[in-house]
Amino acid sequence: MNEKVNVSIVGGSGYTGGELLRLLLQHPQVNLTAATSRAYAGKLIHKVHPNLRGVTNLKFITPDKLPDCDVLFLALPHGAVVDKVDTYLDKTDVLIDMSSDFRLRNPQDYDRYYAQKHKRPDLLETFVYGMPELHREKIRTSKRIAVPGCTATGAILPLKPLVDAFNIRQVIIDAKVGSSASGAKSNGATHHPERQGVVRSFKPSGHRHLAEMEQELNPEGNISVNFSPHAVELVRGIQSTIHIFIDGEYEEKDVWQTYLKAYGREPFIRIVKEKSGIYRYPEPKVVMGTNVCEIGFEKDQATGRLIVMSAIDNLMKGASGQAVQCMNLALGLDETTGINQLGFHPV
Amino acid sequence: MNEKVNVSIVGGSGYTGGELLRLLLQHPQVNLTAATSRAYAGKLIHKVHPNLRGVTNLKFITPDKLPDCDVLFLALPHGAVVDKVDTYLDKTDVLIDMSSDFRLRNPQDYDRYYAQKHKRPDLLETFVYGMPELHREKIRTSKRIAVPGCTATGAILPLKPLVDAFNIRQVIIDAKVGSSASGAKSNGATHHPERQGVVRSFKPSGHRHLAEMEQELNPEGNISVNFSPHAVELVRGIQSTIHIFIDGEYEEKDVWQTYLKAYGREPFIRIVKEKSGIYRYPEPKVVMGTNVCEIGFEKDQATGRLIVMSAIDNLMKGASGQAVQCMNLALGLDETTGINQLGFHPV
Amino acid sequence: MNEKVNVSIVGGSGYTGGELLRLLLQHPQVNLTAATSRAYAGKLIHKVHPNLRGVTNLKFITPDKLPDCDVLFLALPHGAVVDKVDTYLDKTDVLIDMSSDFRLRNPQDYDRYYAQKHKRPDLLETFVYGMPELHREKIRTSKRIAVPGCTATGAILPLKPLVDAFNIRQVIIDAKVGSSASGAKSNGATHHPERQGVVRSFKPSGHRHLAEMEQELNPEGNISVNFSPHAVELVRGIQSTIHIFIDGEYEEKDVWQTYLKAYGREPFIRIVKEKSGIYRYPEPKVVMGTNVCEIGFEKDQATGRLIVMSAIDNLMKGASGQAVQCMNLALGLDETTGINQLGFHPV
Amino acid sequence: MNEKVNVSIVGGSGYTGGELLRLLLQHPQVNLTAATSRAYAGKLIHKVHPNLRGVTNLKFITPDKLPDCDVLFLALPHGAVVDKVDTYLDKTDVLIDMSSDFRLRNPQDYDRYYAQKHKRPDLLETFVYGMPELHREKIRTSKRIAVPGCTATGAILPLKPLVDAFNIRQVIIDAKVGSSASGAKSNGATHHPERQGVVRSFKPSGHRHLAEMEQELNPEGNISVNFSPHAVELVRGIQSTIHIFIDGEYEEKDVWQTYLKAYGREPFIRIVKEKSGIYRYPEPKVVMGTNVCEIGFEKDQATGRLIVMSAIDNLMKGASGQAVQCMNLALGLDETTGINQLGFHPV
């Protein structure tokens, strides 16, 4: 593929929009055409994203000036896409939606988890859930991709091979989340003196991302899926410890083999289980800035519980990195193009 | 009680020893007689604990110079007490051991959890487990007190009333722990660049404090008790989210009433469950520097899971604060003397 | 003094107001009568300050319901006092203003540093600058006290004895400031992802607190006083490194003697200069939660520069702690009452 | 240039060695041949640097097994190079030394700043000080490069154009440094509970990097150069605020023009001076992971002081990034190859 594709972003001033800008400005096959922002229209994008100083002279535009493009990313919050989805579909060949508006196939899940009737249930089936490890072939041929939620990604990736291989009765996902996951808008709870150093259970049950986990992992509803996210002192990153109870006997080597079979050739999955050293299990610091999801595990010999840990960068594999991975697939590019940077040590 | 008691500390240069020094130097009924440290003998204690500058001119002494005293605190690591326990018992009227050497009543638990035969099984029954909320009356009349482990405290306090009141099948304790909990000695894993900003599963199963939880909560062994601690970015504090599965129906108000009944008059337990605001559930920041254990909860309406959260300061209610609380009881003092400082906002 | 004094706070929901509440609720001579907050009137104060849960059932009131009292603290931002100062003066015997409205004696300083004409220049001389180490005797007899600014305190305390003793030509105060110093209101710059881990020069020159430094240290204007504050990763605390150039020879011992003479008996000043160990110079962590100002120094043998470091807790010695210290003096109480808590190690 | 060069690293297990590994493994013109580590010889490099998991199967070797190579990086501490420098020179065409052993041209500076006689003064003149912005042409033709110290880089880059253009009398460099700058070895002062959240003046005067600043900035000795570094809560990054006193009049635009002239075409220098927004001046967070040095400034209208701020990533522009930049120059490659990654927002 020689010619660059024209790519635009709606919602370029938020954190996932900014991360897309960072990735796309370095992507060898992308010509970044436009980025919209109502609040910052007319301003240089590096006024909002200081890491882009000296890299581009692009300015934010208002959404109504959005040009036609080959790929359009929607870096918008929940509910901001559905009303204008036809406009967006008209503008582009491939639409990659990072909001939650088209992630769920069953319209009733929107009633249940978002307390809102979905306005365009007719379109739900036309989107693919943009998690390449689960839906690669479909993404390759799709023009409409709904990028998964960040905590959903940190739970579904480690769990999917297990729910397929084992008779799982119950999972408890205890996630620890960095502050960038709550977006670029400040509020009382994100004020530094109130947010620094917290270990805060902010939504013990009923979190919306649970809907995605149920959809991808528990289609028959026979698993008790429990999810509790916590805000911790971290800007980027999600660590999930998943406590799993399995019916029947199993050994750690069965888990190893299950992961190897499922993920042995995945470019962005790393199984981490060291016997010694500091970094024996997945850690958000290690994957910061990368598109990698680290997965580790241990069997609790006393109770039989399987403990699985995962770590991702919420803005990368948890959002914009995964979105670009989907774009690469949809465009027939090497899947890792532009998102294969290494992580840092220390950081 | 008018006369001050003479109190000494063995192991004054560590973090729990330092916290004892801070508390005892301000305690109106205590005359701090001596603090030992092999490494710092002859040095002013404020060389190690800079917060005590200008407060005392006490110097560390070697353990062999330990004077007789009314109360002796042992702020020592696991295994450092048992060999010399007779010497210590000879020196004092009341012995308060903060190591794990005499916390477990069943000697076989030491084989299992500490991989070591206990050398003085004869003494185990002579110690009381120093958690006032569970064993207040026994502590009042005891001369030998074994202070609970920090993560054990954060789990047992919220769980005890529940295991008594409900038919609990399974608990999963997912704890998030500050760096001071691993003590004053540095190692590769505590080196700032490696420890800062981590969310690190360091002992997914088989942690030693589980022994205490089993002893206090699960004497009949009919509950599946699962414990996974994580290192997070925090110096002081432990947050535990406890996922509980109960046989039979229950409502949130049943949990309220259970806690009110058990802890309604406890000076250091606070039930926290707010409908709005930033601090709706327990948080380590809020209890930093205090002897308080905050407890909150929520019922997961989808799965029936009961989510319970607790927060303590690991050096206070998780160690030295609880130790002083025990001392107050054993001496017949007001239980809150010297440990009733308020927390901070913000911090 | 046996009877408690009735004390009220205007502006109880901010950080200095909250810190006052914490201190006054524990103060043995104070009966806390009322705390106002427009935004939270009618709400329990612990909804805003979660550290006060279980301590008091006081609710915020609107300012118009303020009762008469013996001592009134104004925990308000700049400009919020001057218009209503007569009302406040009517309500109380002793007025302690924590805003900057009456800190400067020369009305023209308000033009210059606050770009505003002072509306009540007639009152400026009736207030004493509430820094006990400099103006103790005046504070004892004063009914109107203007509490110094936080970075001004961290600069004036270490500098005052030196400007009196040496022929100082030039000082450069490079301060590092925690996030609580910018108050309880969130904005884009205090949003956790943007504020965490920064080293941010936010006002390289022309900071308003410079006015106080000039007033207290440089009445004749013969010293070049330079001040640059930086936001750093910290909630509470200010560290100031002060680079001083002196005309004429001097030795470190001259500095020692100057400080000993000036501050040898001060209850809240600690000279810190250790040859070894981790904590050789003042550090904000060590004074966190205390009313102490640590001061240390070193002579640069190569250039003759005198380097002086100070550390305070901006909400304590930098605001509410110092305010209570002033109240104690004005009431004839022991100066340290209610503000002599020890710091923490580690924290 | 089509063929890759063979590159080895001595000292691959430290932080600058690890950063070199990260950069060189991604460098399109480099074939990474070997990395030595006495402590970890025989171990996979990703056991030490977990960010390199899945990237390479290289194992550390002992220094005696070092193969011949085209470029050899020495990522060693001070004093570890000079004794074996002949061995290293024999092994390689281009030697890039990251220790301080050959940074200073005047052997007496080693007596003065390192309190040690230099053992190979004959070689000092054969090394070039590896700061491309100052010595680009010499680096291009040099086979021996001494990479500058991290805090020296943060001071010299912003100061050099100014000392050339203005009549500077005095500079005070107040630096704030992340914990990775003190290397991978833990000690009491880097233990997380003691290091977290500090603002620590650890070497108020006489820091060794001052020698480099004096050499590059003050050859005639007519400027009073003062340097005080502080440890702050940060893993990567150095922020320097430089207070400058100039003889004679100047305006901000003169400073602008000086920087534009000196650095207008530099690929890794960014002048940052915004009138509004959060990121108005240089910040370490913004350059984290990049080879960029940000420089900003303001004139203090009251005293005439020029305040200059710089920000670098100490492991990139402050060490390994700058080292690779030098290698690129010495090999005739595009100077930015392999080190032109963008920074992050937020991070």
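The chains carry the letters A, B, C and D, assigned in the order they are written, with residues numbered from 1 in each.
Throughout what follows, a contact is a pair of C-beta atoms (placed from the backbone, for glycine too) under 8 Å apart; a residue touches a chain by one contact, two chains touch by 3 or more.
Treat the numbers as computed from the prediction; the structure is a model and nothing was measured.
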For this session: Would you pick out the chains that touch chain A and also touch chain B?
Result: C, D
For this session: Could you pull out the chain whose C-alpha mean position is farthest off from that of chain D?
Result: B
Problem set entry | Between C-D and A-D, the pair with more C-beta contacts | C-D
Seminar exercise, completed: Residue numbers at the chain A-chain C contact, same meaning over half shared and different meaning under half, come out as same
For this session: Can you check how far apart chain A and chain C are, centre to centre, with Cα atoms defining each centre and the answer in Å?
Result: 45
Exercise. So how far apart, in whole Å, are chain A and chain D when each is placed at the average of its C-alpha atoms?
Worked result: 35
Problem set entry | Distance from the mean Cα position of chain D to that of chain C, given in whole angstrom | 39
Problem set entry | Multi-partner residues of chain D (each touching 2 or more other chains) | 15, 180, 188, 193, 196-197, 233, 235, 278, 283, 346-347
Exercise. For the complex, which residues does chain A have touching chain B?
Worked result: 170, 172, 174, 176, 188-189, 193-194, 197-202, 204-206, 210, 224-226, 228, 230, 232-234, 237, 239, 241, 243, 245, 278, 280-285, 296, 298-303, 305, 307, 309, 311, 346-347
Problem set entry | chain B contact footprint on chain D (complex, rising order) | 15, 178-180, 184-188, 190-193, 195-197, 233, 235
For this session: Name, in rising order, each residue of chain B that touches chain C in their complex.
Result: 15, 18-19, 22, 25-26, 47-55, 180, 235-236, 270, 272, 274, 277-279, 283, 286, 288-290, 292, 341-347
